[in-house]
Each structure stands twice: as C-alpha cells, then as structure tokens.
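Each chain gets a letter, A, B, C and D, in the order it is written, and its residues are counted from 1.
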C-alpha cells in the first residue's frame, strides 16, 4: 500500500529563533519513499540537514520574525502488515547486547529508571522473561493509565504518570519504556506517522504518534502501550531515549504555534501522486 | 609533568552480573599516556571494549559470584598548566553550533532544563554573554551550594540541588550544567582524575572527580562549579549529558562495594615507572 | 450592598461514598447573612455538621448511588468596600505571633516551605519587612506566572508552579503562600465566593475563588496573587494550610462531576430575596 | 515500671532566633509523670507554653546569640506492657469517624496521599479490612525499605521513600501513614521516647523515636513500620500529620546543633529519683 504523509505546521515568530526539527522519515525508511520527503520552510530559509547521535534526520534553521510555515507532502510504500508479533523473542542478557543498545538501559529526563528499579521488579520480576514480559508491561500501563488530551504537560515524567494515572500518548510510552529499562530490557521512544486503515479515522490521525521500541532476540520491535494492539502504517521518523530527544520541533527561543495539521492516509490505488 | 594514575576498586558479587565501566582515560588523552592504561579485572574475565555514543572508552564484562577487583596503574604526561581561561570566548548562536554540540542543550535525567528555563534567565539573562556568563553561573552555584559527602544520593537532580543547597561534586556540576543549557549554552558533564600539585593533598584526591565542559567560541572548556578555580592535572575519562551517562561503573544487578581507592599524584622526576 | 450567593453542583455516584464539604460561609461571616445558608442535598440525606480544626464549617454525609445534587442560594450583606490596604502593617516576630498563627509557617502538601527557604530569601530577603514585602511577593507571582484553565492539576505544588510558571487561581496562591512562610510570615490559603461589581462579569465569577491571608500587625489580611488588586465582594468560606485542607468537596471514593455552577452577584436594591 | 526520660540538646546560636519545641510528654501522659517534666533552657530565657492545634504541648522562646542548652530529666510510670494488639479492630467508615480523625485522611507535606491513591489500592485493596490490613502495610514497608542513618534528609517524602527504598525511622512511618490514608484509614505521625527493656540497648535509644497511630474501631493504636513488632516503653510526646508538624525543635533562623543526647531507660526498683 501507499501512504500519503504530510504536515502543515505554522508558527508566529516574535524574534529570530533557531529551530531544530525532526520532520523527515527515519533514514531506515528512505528506500520506501515514492516521492521526495522534503521539509518546506516558508518564507524560504537556509536549512541545514544533519544526523543526530541517534541516527535521526534533523534540520536546523534560523527563523525570522513573522509567520513561519513548515510543510511537507510525500508518499511512502508500506507493507500494509500490522506490527510484527514474535512471542518467542527472548530478552538478551546485557552482556550480549549490541553496544549501541546499552544506552537505552539508562536514565533519561522523562524516564527515571533509578526510581523504578524496585517497582518494576515487584510488578514484573516474576514474569517469564522475553516478549510476553514486555507485553505484560504494555498491558499494565494500558489498563492503569487513562487517556486524555487535557493531561498533557511538557514536564511530565514516568513517575508522574505512574502516580497520576492520566496522560497522553507520550506518557504511556514513557512509563512503559521506564519499566522495561528497569528490567534491563533496552527500550527507546519512537515518533512518527501512524495511519491505520484498519480503524476508523480519528483525531489521533491528525497528530504525529508516539510508540516505543524494545530490543529482543536480535532486533528492535515496535510496542505501543497507548493503543496496545498491532497497528498498520507506522512510519518512523525518529527514535531516542525519550520525548526530549525527539521533539518534532525544538525552538531555542519564543515561538507561538498557530496551526498544526498532520496527514497520514492510504492512497487509493492509481492515485498515488504527492501534492 | 608526569602523573601517576590508578585505582583499586573491589566488589563482592552475589550472583553473576554484567558490569559496564568507564575506567580508562578518554580517547583524547591516549597520546599522552606513558604506560599502558589497562583495566585489570580479577579474577580474570573476558572484557569487551567499545566506544559509547559520546566517544568514551567503555568495557563490559560478566562478573562471577565472589570477590571482584578492578585495578589499574598508569602514567600520563600533563602540561602542568592550570585549566585555560579565555575571557573573550563568545557564546555561539545555536544556529552555528557544531551539530554534535546540540544534544548538550537538551534535558537529561539529572539536568531538568525544562524546569529551569525561567529561573536561569531571571538569574543570568541580563549578564553579558560569553565566558563571563558561564563564570557567573559557576560563582553562583559555588556560593549558594554547600559541600558535604553526607549529602550524596544517586537520585539527586539539579532541581533538588537548587532547592536543598547541599551536595557533592556531581551535584554542583549538574546544577551549573542545567543553568547553562537553559541559557542555550551547550554544557556536558565530565569525570576523570584530578591531581593537583598546587593544593595540599586532600580526601578529594582519593576519588574520581567531576567537572563540566562548556562549548564557547570554537571548543569545549573545563569549568568546575565545586572548586571554582583553575586546577592542574585534570585527566578526562568520560563526558556525557550527566552522571547517569558516565558512571564509572554500572552494574546490571546487585553488587556490594567493599573497597575504593583512587590515586592521582605527580611523579617526582626520574621515578616515572608504573607499578 | 447585598450579594446573592449560591451554587448548583451535581455528581453521578456509582457506589455509596462519604463526602465532606465546605459549602457554607465561614463562621466569621454568619452575622452578615440575610437568608439561611444551608446546603441542600438531593436526594435527601442525613447531613452532619461540624467545625474542622481550622474553624471552618463542614458537612459530612453518605451519598447513595445515582445522581447527587448539592445546591444553595442565600443572601449576604457586604460592605461593598474593596480589600483593605494597610501599607504600614508590620511583620510580627515569630516570638510574638498568636499561637494559632504559628502553624501557618509550616510546610503543607502544596506548600513545600522547606524547599523555598533560600529561594525566598534570595528574592525577597532584602526587601523592607512588612506589608510591602508581601505585596512584592504578590507582584512577583502575578508577573511571573501565566493563567490558564488548562494548567490545572490536582497534584500541582508550589515548586511545580515556580518551575512551570503556568497555573490556575489556586496555583498562584500556593506559590505566594509558600514564599511568605519561607520568610517567616504566616500565610494561609482561603477559598470563597468572589463577586465584584467593579469588574465586568467573567468566567471566573462562575467558580469559587481562591486567595490567601497573611498575618501582619494584629490580624489576617486578604491578598490575591492571581488578581493582584483589591477586589470587592470576597465572602470567605474556609481557610487552611493549602487547597488540600479546604477542598469544597472531598469524596472518599469514586464520583463523577456532571454539573458545576456558582453564583455570586450583587442584588439590585429592593430585590433581595433568596430563591 | 518507672522510666527515666531526659535529653541534653545544645546549639550554637549566631543571631537571635525564635524556637518552638515539643520537648515535654504529651498531655495524655502527664498523669503518669513521677517527677516534674520541665524544659530547662540555659541561659535562662522566658519560655511561653501553649498547646498547638493537635493538642501537643509546645514551648516558644527567643534564643540569644551564644551557646544554648535544652535539657530535662524526669520520671514516668509505664505499664511495662508492649503495644496492644487487637486483631479484631475494624476500620471505621469515613462517615462514622470522629470529626477530629478526618484530618488524618488528608495530604500533608511528607505524605502525598493524592499520589498514592492507586498504588495503595493495588497493593492493599484486596486485603481484608481492619487491623490486619494496617499490619500488612507495616509488613510491606518494613520489608521493602532498608534502614540507614545516612539516608536521612529533611525534604524526603513518602514518594521518595517509596522509590528510593532507604530511610530512617521517620521515613518508614511516612510511607506507612500515606498508604493508610490512601486506603481511607486515618493515620498520624507520632514522636516520643522509646526505651525498651526487652531489647539490648542500641544507638536508637539515644534519639527520640518516631512511630505512627492509626484509628481503628474506637481509638488510636500505635504501629511502627520501622521496628514492626510491639515495643515496651513508648512515651508519646506529640502527634501530627507528619514530621513537619511535630519537629522536636523548629528554629526560625540559623542554629547549629552541637550536642544531642536522649535518655530513655528503666529505673531499677528503689532508685527512682530524677537527676
């Protein structure tokens, strides 16, 4: 299947401000693109592209005072298969993990692993190791935390989610990520497009989505403590330790968001043309 | 001058546990070594070496039950000059920073930049930009926080230090790092040996030391909010976002520390032989 | 002037639950009532009245499953004068405070005085003591914190407000109360009706209001870090250490709020009849 | 049996400072005194006595610069019986609690009931109500938290104890108190002398002790999550919501503690004379 991806994000800029964005698909998905995936900045601005230390495609530019528009529209091939499930995938002993996976066992701003070491063991320490333990973490978070847009706040950490039991997408993933790390299972935060033809369109489809990835057996696997069932049409944009690493836009100064729209939709056969 | 560096760290291990250590000098100092810098593990164990995502030299091994000893003794050339001071070094606009410096503007576990954005601006926003502003941050932290070994705790964050006003070496640096980042100045945590012939030997010399580095003008510079004056004989081992990234030893399971000794001392001329 | 006061608060109750309410005017205002001030509970329920340890009028009852309505409509005489201002009112040394005022110097759930002792002194320690110092605290909080209903959350403490700089009415008062206590000035949280003929009716008038009281010279004075100017028509319902002590309704079990309306309005002359 | 109680607490006072102390036995134990129980202040100072809002005996005085000594030595009759156990004592529905017990269901500085409402229910919600549920809370805290004097810090709350799992006496009680309140069981913090002839003298006996009280059936009962077994010789000094309410000494300004000794010991028959 072909998915149309795009966004239209607008700001009002009061004074010159540097912005860093993660608004292109992840390098691992570039081969699937069926149209250019290019951040358009209006008014035209010099944009510098680079890879961050996690391997995500970033852009940096200096936004001038006035309105600023970031937009894109592209096409990508997707298998149309739901997230793979591999119940036999094993946890990898820390001693055998790829070196790069080790950093996803550590603390980060919104994932206070050091404060969950006993809590996670008490909840999941007796569970058989492997895929089903990660699934048990997802089930627990999915059941215990209630979703609501009004519960979003930028400083909310996994410990806040654990005690308040309310949150948005990113909060569910932060809590699950933290529990996994506290069990010595590498886990990283993921963000991207999520368009799913298997479910009715919803408000969620209008925003980017957050999920998380866990290293089991020999690779990273997608999990989603918010939706907690396999989804079709995840298009990864960035992974990192937590939401702080992979903010879609980071502004080093004042900006006011005035418009925000994301499109993720399957393209009817024969109509696959990027706008 | 030649410094003798070394340590003798001993644990009791109740059950097999993977450890990751940062116990060799930083790759940037390897050319200065005058003797091999090799982590000795007793009993003999297979040790795997690798560079982490920050460029630090790491070792990983599986410790078996029983006593474990990590030790080393080496020699290194040091200029004997105190930390350089460059009052004219300018802050670099975020738009012109090297890409790799950008990550040191973000949140990390012990540096909650998002909770300090207004506090830092209120305290230091009117200060002239550049070296003297970083020095003002150091002066503030050095003056406002009191040192005491009894105030150490593993979960202490910059916000805790800011409200409690007591801490150990790492706490001073975390608070200063967070203030700098909140001012859009890249700052990273540093750990290493610190032997200073200019001051009387002290208890401090028996431990590794923490300081921090700030990116100004065209390079990283050492600052130290705890001592707050140029020191001779810093030998860098690792840098990262905060102490969580650069723990000297990280154990993925239970261990009990039974002995801890660090040596950092100038070698009298003609006696430079590693033991 | 005569104010009409009233409320209509409705819940859906899933299972029997005890509720404690502070829904009558404070005992200090009873002499001003011009009509009965009586909590009506529907369906009819045995209601027990008592004074809590702060001297507030409380009611306790067991709500049965189904809809629950708490309502009231009464009339009260009000001087029509704005909050008194007394620039010469002095701070009272702790040694000379009335015994009952001492408890309002201590920590409470949302007022972490212990974490503000240095912050408050740094911000206001050099300010001349007395009324103007309390006013300086109000000015600071009023200026530094932005109001927004979306920033409400039940667990938000003064430290959260201080770092996040967003909040609702109660958050402004918690931060100001905490700063005052950290300066050894007794401060307590207040809640009640606020109808002000001097300002256009607003959304605020539809809710109960929060302000705070400070002990200076020889009595308690109303301050309001949210509005930060004298207001007409405050009708006190309850005072306590913080919002946790004086919640309008506390439910010891699950309840769902389905309707909430508060009326506070001046009664045109000749029409003063309670409905 | 007769217990000798006493203390010798010394400070260095840099500038005049008001102190409030809770250094006499609780009014409920006055009838048991066999010698005067009088706070001696040296140098002689005007001391004002009063009861706080919890019913504790307080003293307030202005300490002058220089050394300050607070001391006492008295005798008290004690039954010699261990803490009573009443396995059949029932939890009292909130609707039937004495009015004064209700406040011990609420939040306080170190007992964030609002952040434990789900945690407590998950851990103890299925446990049969009554005495054994409170005992289950004590068992849990006693088992999960490790004691160590080095873990004391003044700002530590129940949530900190729950995540860190280390603490001193007061930390154990704060966590247990918070769990009980979150289960709608009134619980209050208690402090006093603890001399126990049934156990060998220990370092603990040199300090005041903390325990907590729970309202079951028709009265308050002593529980102790730190020792977690009935003890002989508790002499209550003060109860309150948490340690912030019942600090032995509260100084409204700088003081330096220079000496601290507490005596709680049984008096051999025939020797009961206060020194």
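Simple rule for what comes next: a contact is a pair of C-beta atoms (placed from the backbone, for glycine too) under 8 Å apart; a residue touches a chain by one contact, two chains touch by 3 or more.
None of these values were measured; they are calculated from a predicted model.
Enquirer: Where the contacts of chain B and chain C overlap, which chains show up?
Expert: A, D
Enquirer: If you tally the C-beta contacts, which comes out ahead, B-D or A-D?
Expert: Per the contact counts, A-D leads.
Enquirer: Measuring centre to centre, with centres taken as mean CA positions, what chain is farthest from chain D?
Expert: Between chain D and every other chain, the largest centroid distance is to A.
Enquirer: CA centre of chain B versus CA centre of chain D: separation in Å?
Expert: Each chain's C-alpha centroid was found; their separation is 42 Å.
Enquirer: Determine the centre-to-centre distance between chain A and chain B, using the mean Cα coordinates as centres, and give it in whole Å.
Expert: Here the centre of chain B sits 31 Å away from the centre of chain A.
Enquirer: Could you put a whole-Å number on the gap between the CA centroids of chain A and chain D?
Expert: Chain A and chain D have C-alpha centres separated by 48 Å.
Enquirer: Give me the residues of chain D that touch two or more other chains.
Expert: As it turns out, chain D has residues touching two or more other chains at 112, 115, 155, 163-164.
Enquirer: Can you tell me which positions in chain A touch chain D when the two form their complex?
Expert: Touch list, chain A to chain D: 112, 115-116, 118-119, 144, 159, 162-165.
Enquirer: Can you list the residues on chain D that touch chain C in the complex?
Expert: Interface residues on chain D, with respect to chain C: 18, 20, 50-54, 58, 60-62, 93-95, 99-100, 102-103, 105-112, 114-115, 154-155, 184, 244-245, 250, 252-253.
Enquirer: Show me the residue ranges of chain C that touch chain A in the complex, using the header's touch definition.
Expert: 150-151, 153, 155, 163-164
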